[in-house]
Amino acid sequence: MKFMSVAEGVEFLVSDGDTVALEGFVDLLPMAAGHEIIRQGKRDLTLVRMSIDLVYDQLIGAGCASTLVFAWGGNPGLGTLHRFRDAVENDWPGALEIEEHSDAGMVNRYSAGASGSPFAILRSYLGTDLPSQSTSAKFMTCPFTGVEVVALPALNPDVTVLHAQRADRAGNVQFWGVRGAQREAALAARRTLVTVEEVVDRLERMPGDVVLPSWAVDVVAVSAGGAAPSHVPGYYERDGGAYTEWGRLSRDRAAFGAWLTELKAGR
Amino acid sequence: MNDYRPDEMMVVAAARLLDDHSSCYLGIGPATEAAMLAQRTHAPNLRLFYESGCIDAAPTTIPGSIGDPSLLATADVVVSVPFMLNYLVSAGRIDVGAIGAAQIDKFGNINSSIIGGGYRRTTVRLAGPASHPEVGYACGRVHVLMRHSPRSFVEKVDFVTCFGYGSGRGERERWGMTGGGPTAVVTDLGLLRPDLATAELTLAAVHPGVEVDDVVAATGWDLRVRPDVGVFAAPTEAELTILRRLRRET
Amino acid sequence: MKFMSVAEGVEFLVSDGDTVALEGFVDLLPMAAGHEIIRQGKRDLTLVRMSIDLVYDQLIGAGCASTLVFAWGGNPGLGTLHRFRDAVENDWPGALEIEEHSDAGMVNRYSAGASGSPFAILRSYLGTDLPSQSTSAKFMTCPFTGVEVVALPALNPDVTVLHAQRADRAGNVQFWGVRGAQREAALAARRTLVTVEEVVDRLERMPGDVVLPSWAVDVVAVSAGGAAPSHVPGYYERDGGAYTEWGRLSRDRAAFGAWLTELKAGR
Amino acid sequence: MNDYRPDEMMVVAAARLLDDHSSCYLGIGPATEAAMLAQRTHAPNLRLFYESGCIDAAPTTIPGSIGDPSLLATADVVVSVPFMLNYLVSAGRIDVGAIGAAQIDKFGNINSSIIGGGYRRTTVRLAGPASHPEVGYACGRVHVLMRHSPRSFVEKVDFVTCFGYGSGRGERERWGMTGGGPTAVVTDLGLLRPDLATAELTLAAVHPGVEVDDVVAATGWDLRVRPDVGVFAAPTEAELTILRRLRRET
């Protein structure tokens, strides 16, 4: 584990063509790390996330992704992700392959990856069109009951990126709030980058927290406010206005272009 | 009283279909409004579950997202999302999954992914399945809340994200699905329920002031009308007051 | 959820012929409930547990079990479970079928059961003799990678029995300490009985605790000291002498018989 | 100095094989004693993991079981047992799995289940596999600690609970196993290591004062002796002092 800046961490861990999971569910959106990926002009990424929102809309609009693996994509509570739609519907700014799963599918694919299992099985894809549009879902028969199941391949990102409340000086990372697929995504990854609000001498444990041991973390980067405008329990609330503003701004390619230019200029 | 809007009637009707002491896995929007209204009227022990891990959430204001503090801070227990998806939803521990959708077909199959064109480079890309496959497979029953229109109520959905009854009665059983499927589709015009023999969605009730023909016209397939088609009672004073106060205070 | 005495709970939930998992790993051994199963003379049980120790030795010696599903059986830190050995080696007091798994196998079988999945897969049985001696392990091929895996059927006990520190008046159960397969075993079960040290007005959450919601619990029975001689964090320490004493006493069928008579007499 | 016992030499030798900064998944008994000794001599940053969920345990007294407070109260993090088994052991995140066993064969396959007779109604029923299948499959390497005797070191084990090298080199690779298998078997007489070409366990070193022939005689197969067979250095004053103090204070 190394402490670095967000920019150094992204440069050190993320390469063009990588499979990258920026996880976090509702809370703890790794926004600062996503912006740095855009600034560094990473290309041809396979972006993976259970539930994609603003930061993926931005990464897709900025042309960082060639493939998206996901279960849901929206501006939470508000509606459409315009850059995501524009990419899928109009190939703008480039073609975007998609691989669509359910939330449970994504969670269990990470979990299989974290366990060293080659695949996960579930029954909930039966009857849906998910298996028909994906090479990453195959029918199998249970050898005990004869019922059909769907197998999904383990998901082992090259890099998983998370935002957490804090780390200690040894690089152990602590987060709390909505616990999505972060833990499984981090343990399934070949490399993990965690941005944190602060570094503390000692992690005071609390009910319902998750501690990722330092050996599951490659880089910790301090980034106070690095998950804004999402909610970071104990640090800051969700900035609903920023979500609304993104919905407005992102609707238009030119407005998005101006936003992107500003972001890359360093803001 | 006549001063209510169709979207209010939809929420009121959906609330009345929720029975006390049942556990509901809810989407944000009308589904959650209906559950909150039911809790404040006939179903005080209704149990609210959200994908964010909230078990027995007790929101006092309408949540704007499943991560809203009104859910997380009031839940009896907050489990992880994997726990909720695997051990609660997929395991069939939820009585009612109440969700919205973009498109539904004659056999209650639901689409939240694409509209028109092929799957790749579709005409309209929607948000995607989220946990709807799990809800359709495993929840005791599914309540679907959506506005009626011929473009949304179609002969066959463009993509199945949440399995209803496939191409008819018996298909759920053949797949060995543990849940009961979409037993109620509540719209701004009335209520569709699957026919017991065929599982085709049929008109079971209309909202007050709505004509059966209006519903047929707003449905993209040749909607069959139950001989005993009913009419919902208009929202009571209490229902409207509560719903409007909730909406105002949020 | 109902509050009952341990005796009522066992009578209400456990029937002859059931598959019963008394879980708990090192800590939180459901001893009082096990003794009640013996007192009520339950028969023909399929006893299931990841890591069996004293209470299973007693249940087996008392003739409650016809089948044992397990991954390890011993007197922790001391050695042999004599009643278990006597049953397997000499059919005393009756024949005992065994079905042997690894710890990960047991955990993942419960987890599949709790998720409504018909089976679990893992790779660690490859090369071992576990699949050859069991009908509950089958080889499969990963449809994505072509590697072999072993499938294990989901494990859904008729009854899972746990010991926990406390419950609230609504029947939510809280435990902490070593977290074995208890949570998964409870959620996989058709019925669950939990003995607790005490009932409190409000469960004060603590780091690393597990709360089983009341709807996952059928019966809560107060049984202060109900996990002695094992460790119950926050309540009492492990009584090492009792483990040693059991090792001595259980070695001899007659001494065991005297112990059993005394137990049944109500002690 | 000559006043040490063979079981002390076994622990000392096993300790010397543990390299600093490696992560060890440990059984109770000699394996844990060796790790604690290594931490106090050449490997202060050795990392101790236990199935009870303990990550980076720092016991000051020798634990009597994996649930001992000396482990749980000193661990950096205590995870659940399923987390430990799936995400750490099976996932191959452990460098060294150090375990005891009842029986081992020429190719390092280990048996902890039955001795003699058939599988049903065996002559001696042992404790069983626990997490040894996962250790054998996935740990970077496996260190086995056991007393030498012809009944324990056999041509072929009665039952494989922990896969070593099967029937020879290449079998682990054919199964696609991620771990490296039993690279060291430390006994009260010396050290066996798998032959690089065949994976057959061969005598790599003896303890001081032990003759090669003694080890061959205590081995139930025709033990091959490496041409460069070595001799361990006797325990140092420091090693013996530390080990004895640990044992005394427990």
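For this structure, a couple of remarks:
Letters are used for the chains, namely A, B, C and D, taken in the order the chains are written, and counting of residues starts over at 1 for each.
Quick note on the criterion: a residue touches a chain if its C-beta (ideal position, glycine included) is under 8 Å from a C-beta of that chain, and two chains touch if they have at least 3 such contacts.
The structure displayed is predicted, hence computed values, not measured ones.
Looking at C-D and A-D side by side, the one with more C-beta contacts is C-D. Rounded to whole angstrom, the centroid-to-centroid distance between chain A and chain B, based on C-alpha atoms, equals 28 Å.
With centres taken as mean Cα positions, chain D sits 40 Å from chain A.
We define each chain's centre as the mean of its Cα atoms; on that basis chain B and chain D are separated by 58 Å. Residue positions of chain C with contacts to 2 or more other chains are 111, 115-117, 122-123, 147, 208. Among all residues of chain B, those that touch two or more other chains are 86, 90, 138. Screening every pair of chains for touch gives A-B, A-C, A-D, B-C, C-D. Considering their complex, residues 115-119, 121-123, 136, 138, 140, 142-145, 147, 149, 151, 153, 205-209 of chain A touch chain C.
Per the touch definition, chain C reaches chain D in the complex via residues 25-27, 50-51, 70-74, 76-77, 80-81, 84-85, 88-91, 98, 100-105, 107-108, 111, 122-130, 133, 147-148, 177-181, 183-184, 208, 231, 237-238, 240.
The touching residues of chain A, counted against chain D in their complex, run 111, 114-117, 172, 187, 211, 213, 215.
Of all residues in chain D, those touching chain A in their complex are 23, 55-56, 76-77, 86-87, 90-93, 138, 178.
The touching residues of chain B, counted against chain A in their complex, run 28, 51-53, 64-67, 69, 72, 78-82, 85-86, 89-90, 113, 119-125, 127-134, 136-138, 159-163, 166, 171-172, 175-177.
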